[in-house]
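Note that subunit A is present in both complexes that follow, paired respectively with subunit B and with subunit C.
For the complex of A and B:
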């Protein structure tokens, strides 16, 4: 136990990285993905690594454990942990550090816990193997930590399997597991990205509590500046494997030095200029008293009614499992409801997809969350966009070709460059643009956008939102915008609908819904969205403890 | 747990139904076999009256559906009828042979399954290495060669031996013929059936090995394996504790298919080694048009096949913690 008897003085250097260079393999060739990074980390200090996908955040985080993913390699530089250069050490030496003195918290706890073993067995595994704890000691520690992280039933929850607890609980169980050996350094790799905002707060609070209590050094990786501002002492901004800026959290947020940092900071401030006026015209879509369920199971939509007007954007918000996407499935006819009706431009739509005629199908289009899976990888852009043109509008030959080119121009992609590409040759944002063009090709009245920006980097997501807005201004198409992200709602919606457990708890004009007094769930949802203020989390937790704001609501399922 | 018992009961019921359908198919396709037992036995010179009398004695003069229900009724009481040629009870004939077949199958499985798992896991661990390629090439070669050819090659090397003039260089380790009878002791039996068991192993190991390798490689890319690496666990613990339990379902299914092959598909190997198994009995009975024995053996084969697949289904479902431990 020599490692633990060592005094844990704050300020002692734990990690020192110099000139780290790494390469990744793509299409059989090695490309540099980390281009000379220096990083110092002291005990009790948290550094936030921030950047978009491909910036090298996770790669650097893993490198601090002396680990490179398959298809990656460290080519140069030194990684000194506690004075020893890991680059010069054997695999056995590094294995001994991992899970013992350095530990890792992964993005998706659901995928990173082994489904075949109980949580508490996975908790103690590394500690027992490294000879730090006996199994009995590990079990006792696990229960203490589960209690500390406010997991329900801390004495028994460890005896459950990963699929038996919720996402937020699992993520906290993983933070607990990382603490099993009381490590000197923890890597948090996007630990809250896959969680709902209300759950994110619990995990953030747990992370902060652990780091301060045990004086642990930590690397916190995320793409969300507002999140990292809550936990990090200093922030390193990365882009394409280069360091853009490094600074103390408060000063960086107050006065960013680089343009790129400023862009990242500004990302949540986009707002459309003109909001559509409420009007008394007949709504284009009218959903009345819809109740729906999957199989004979639980009701997933309970008496849902809403309207969408021409040229308006209605945001449907709620957490995972609230029924947002099911509502979209009902409207598109994929899931016929057990009760209720859907009116489109004054005419009742048949509830099942197969009973709708081509014109009814054409006027209602969808854009999906994952552009990667929504495009057939074997079809060229020309075929993807051309298909609805010939299917719905009967276009052929030159007419079709001309229209494809028009649509590509409309979504701001150069037809000459893109028309013959396969989806694999496009970036995430470009793919989503193609999906938009495909929806537009049918000349729809209403487009349902299901989390269309959540798989994209923030700057790219903002570009997509701007494009959608421009298209609405030009074409007067209506949007139903399904999202869990309040910033997106604020940016582009005219009206909003808040859903909780299959019911609509509040709906109306956006500004009305967003201003108090509100339904307590709306309040909880809004207050849980991290702000760019480093004191936000502490303030919120204090106010919640004092009972000034809602901290939970009775009908909310366990997080 | 209740859900699992219900599931097993459902599968069993389904298995019985399948067996019933199979019995229909067996019975009526056997009746389609060309030739007639009575004519075959009595020869072409037999008088029509003699043939008719003989047919009556065997009950062959009755319509097929009557015979089917008589036979089916017998099956329920454990009576598969009497052999035409030996006039012994079919159950007795099959019983002895079935025991031999199961013995050989079990012997081969005991060698092949652990061998395939170990080779597969190692091949996954040292993917694309020299070892991996060698194992792949060798197992593919053995699976691609006809099984009787493999049997003769083994006999040549291990029993007949290699000779230089009149001097034996190597060989004589195992007998070339696996003749066992009731009075042969257990270890003697093991010794005599080694060559056929090894031949069968060579035939089935590639299949199971490759499935193990593929399932494990698939799993090694999953986030929880990366997590296990980042927890500093040893390689063997990662493979056996973290990857293998999650790879079981597909592996179990391939094992079941191969077990079924060991029992019902090894006629050729039995013939080469003159081994008194069920396959050999079936072939003999077909050539003698001994219908009750053919029907009986086919039914036993079908039951074994169905039961093995059922076991595989149940095992692979049980190996999934989501079903074993519902929320």
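For the complex of A and C:
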């Protein structure tokens, strides 16, 4: 490993892409998905590729290894890695580069590690295979890197299996694995998207540290401008396979040239205009002292109590595993609690779904995180929205048809265009609108929104939030908004509930919860949300190191 | 309709050939009284006559026209196999989806019951049951359908499991929909592709199974024309170098191959497999 490092001069050109064009296959036809991209990457430099889904960022990332996914092909252009045009090279040559001189960090570490082998064995696999290191050297390097990435117990953590470490740790182990051969180029494909904000910080810090220490060139792919601003030197904004803008991170954040970049920057600034007044009316939903568990012994919710008032939006915030989705399952009756009661408009709801009557079911509706799986792909929009109408309200024929059209108009989709479509013929945002219409069709009092925007592109997500807000203003429906995204909370909630490990740590009016002094967990959560400021990460890490802000909390075992 | 035509045009030659053969068989099965030169059980000549212009494929051991009986065999064998497969799918599919949706003890009970049936070799089990209940056509259909439904059950349960975890099924449960609605409207439409492919394969197996039983003398009873028993009845002719008994066997083989061609294509289409370029 030491011999190669000597030649690592900062500034040397590593990757040079010229006029890259790629096509993807859909329905048996080839469509151009990357339309002429030029990219230069020097040693020690990080380029962020940013754009919405379908912009071609992952495709370009993989192309820099000379690789095209099945169903994709490179049609024109050149990809020069270290002076060699990969397009002219054999598959064997390219395979040798991958894992050796170029490595790849995927979005989901959990899906990328082999669950049957220990972390440290997987760490060295590529390096030993490529003949760069012996197994003993690889193990020593692994421990060094684990230490550098601040994994707990760096000497022993490698001997665990992937399921025995937390998501953030696994993602850092994956970054370490990518460094095993001391590659010249690393491609990070949304490495933090699947992580909670507090773990995201750890991984971002690890990425930044690794890149600067080893002078590695990197491509960082993400849809989140605030994240990429922390690690990238240059940012390339992509849309529909075209390059919109390329520039230095600081100047782009400060002075974007293109309208589209400005839109991306302005995202997350939406805020609803009027917040609901706190009132003393009887709450529409009252959850008292709920304790619930899956199977025996594992308590997921511990003595949870909360209230939701008519026309209010209550955000339930917490990280994965905090029990917020379980709370929704308890309220909807999918998981009967072992203790506690749920009161809805003054009457006690039966705890099990099957004991609730049609009217109780109707008044409580749910919208899911993934519109793809929440809509039956074999049902047309007409049937999806029509079913609650006939099921709950007994509507038939012309009356039902008219109402379906009204609902489609309400969610800002043209009835003539959309009523006969299948979900597969809709975009992600349109699907989520249909889910909203399905919930509204039942004329509910309360809608539980389970991470409804987190699977959507940011611009689309914002449109959905605005729609939900407009609907609340018009229909006075209440929302219970489950989310891990503080920006969403700031945008539309009136009150918020912060959950940690099945307990509520703080709740109340949003402004009160968001203003210090706070529970240390709330503070940690808030301070971990990336801001559109290239210095944010460094500042935060410095402040945390100095003890000015909370960096971890005692009761959180996996941090 | 145009989409259907376009879909058909994308079929490779093997699938087209398969569809053509199946179409011919179905046509024969429907119009056999018009097409056949003689009656199904009519004695028209002496036994074992050779091929000539009156008896195209000669006559069998009792002096019945072979060509006529092969045509009737299409109707009987295919008809019975089709009804049996449908019944097996109705039973196995319904129970499989129920298992997947309800889970818990229903799933356990049905699953273990199916395990027990599957543990017994099906040909021997079928022979046993046929000896007990007699060999009328309805009994034959029910016994084979029940035995075969165990395999359908397993597939339906596995496919159903993947669908019941989808949020649209949860949404339907939250809406308060009943079991029947969930199975019929939420699960079934999404389980169709693998089930249809399996239907084709199962049909072949049932068809072969009936022929095998007939060959062993416990399937379709004479004088009903059936390919399996026709092979058995005329097997002696092979010793004299006459290939006539192989013709019904050939008819069985051809249909099996044809159905498999179509199923292969359909599976390839619906599984979303893409050829690596």
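Here, the second predicted complex is superposed on the first by the 553 of 559 C-alpha atoms of A that agree within 3 Å, B and C clash if a C-alpha of one lies under 4 Å from a C-alpha of the other, contacts with A are read in each partner's own complex, and residues count from 1 in each chain.
Throughout what follows, contacts are C-beta pairs under 8 Å (C-beta built on N, C-alpha and C of every residue); 3 or more make two chains touch, one makes a residue touch a chain.
What you are looking at is a predicted structure, and each value in this text was computed from that prediction instead of being measured.
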item	value
Partner chain(s) touched by A:391 [first = subunit B, second = subunit C, both, neither]	second
Touching partner for A:366 - first (subunit B), second (subunit C), both, neither	second
Partner chain in contact with A:114 - subunit B first, subunit C second, else both or neither	first
First (subunit B), second (subunit C), both or neither touched by A:374	second
Partner chain(s) touched by A:234 [first = subunit B, second = subunit C, both, neither]	neither
Touching partner for A:250 - first (subunit B), second (subunit C), both, neither	neither
Partner chain(s) touched by A:358 [first = subunit B, second = subunit C, both, neither]	second
Touched partner set for A:161, first subunit B, second subunit C, both or neither	first
Subunit B and subunit C footprints on subunit A, overlapping residues	70
Residues of subunit C defined as touching subunit A within the complex	10, 166-168, 170-171, 173-177, 185-186, 189-190, 274, 276-277
Residue ranges of subunit B in contact with subunit A within the complex	221-224, 226-234, 237, 241-242, 245-246, 321-322, 325, 327
Complex contacts: residues of subunit A adjacent to subunit C	25, 28, 70-71, 73, 332-334, 353, 356, 358, 361, 365-366, 368, 370, 373-379, 387-388, 391-392, 438, 442
Complex contacts: residues of subunit A adjacent to subunit B	62, 65, 67, 69-70, 94-100, 103-104, 106, 108, 111-117, 125-126, 129-130, 160-161, 163-164
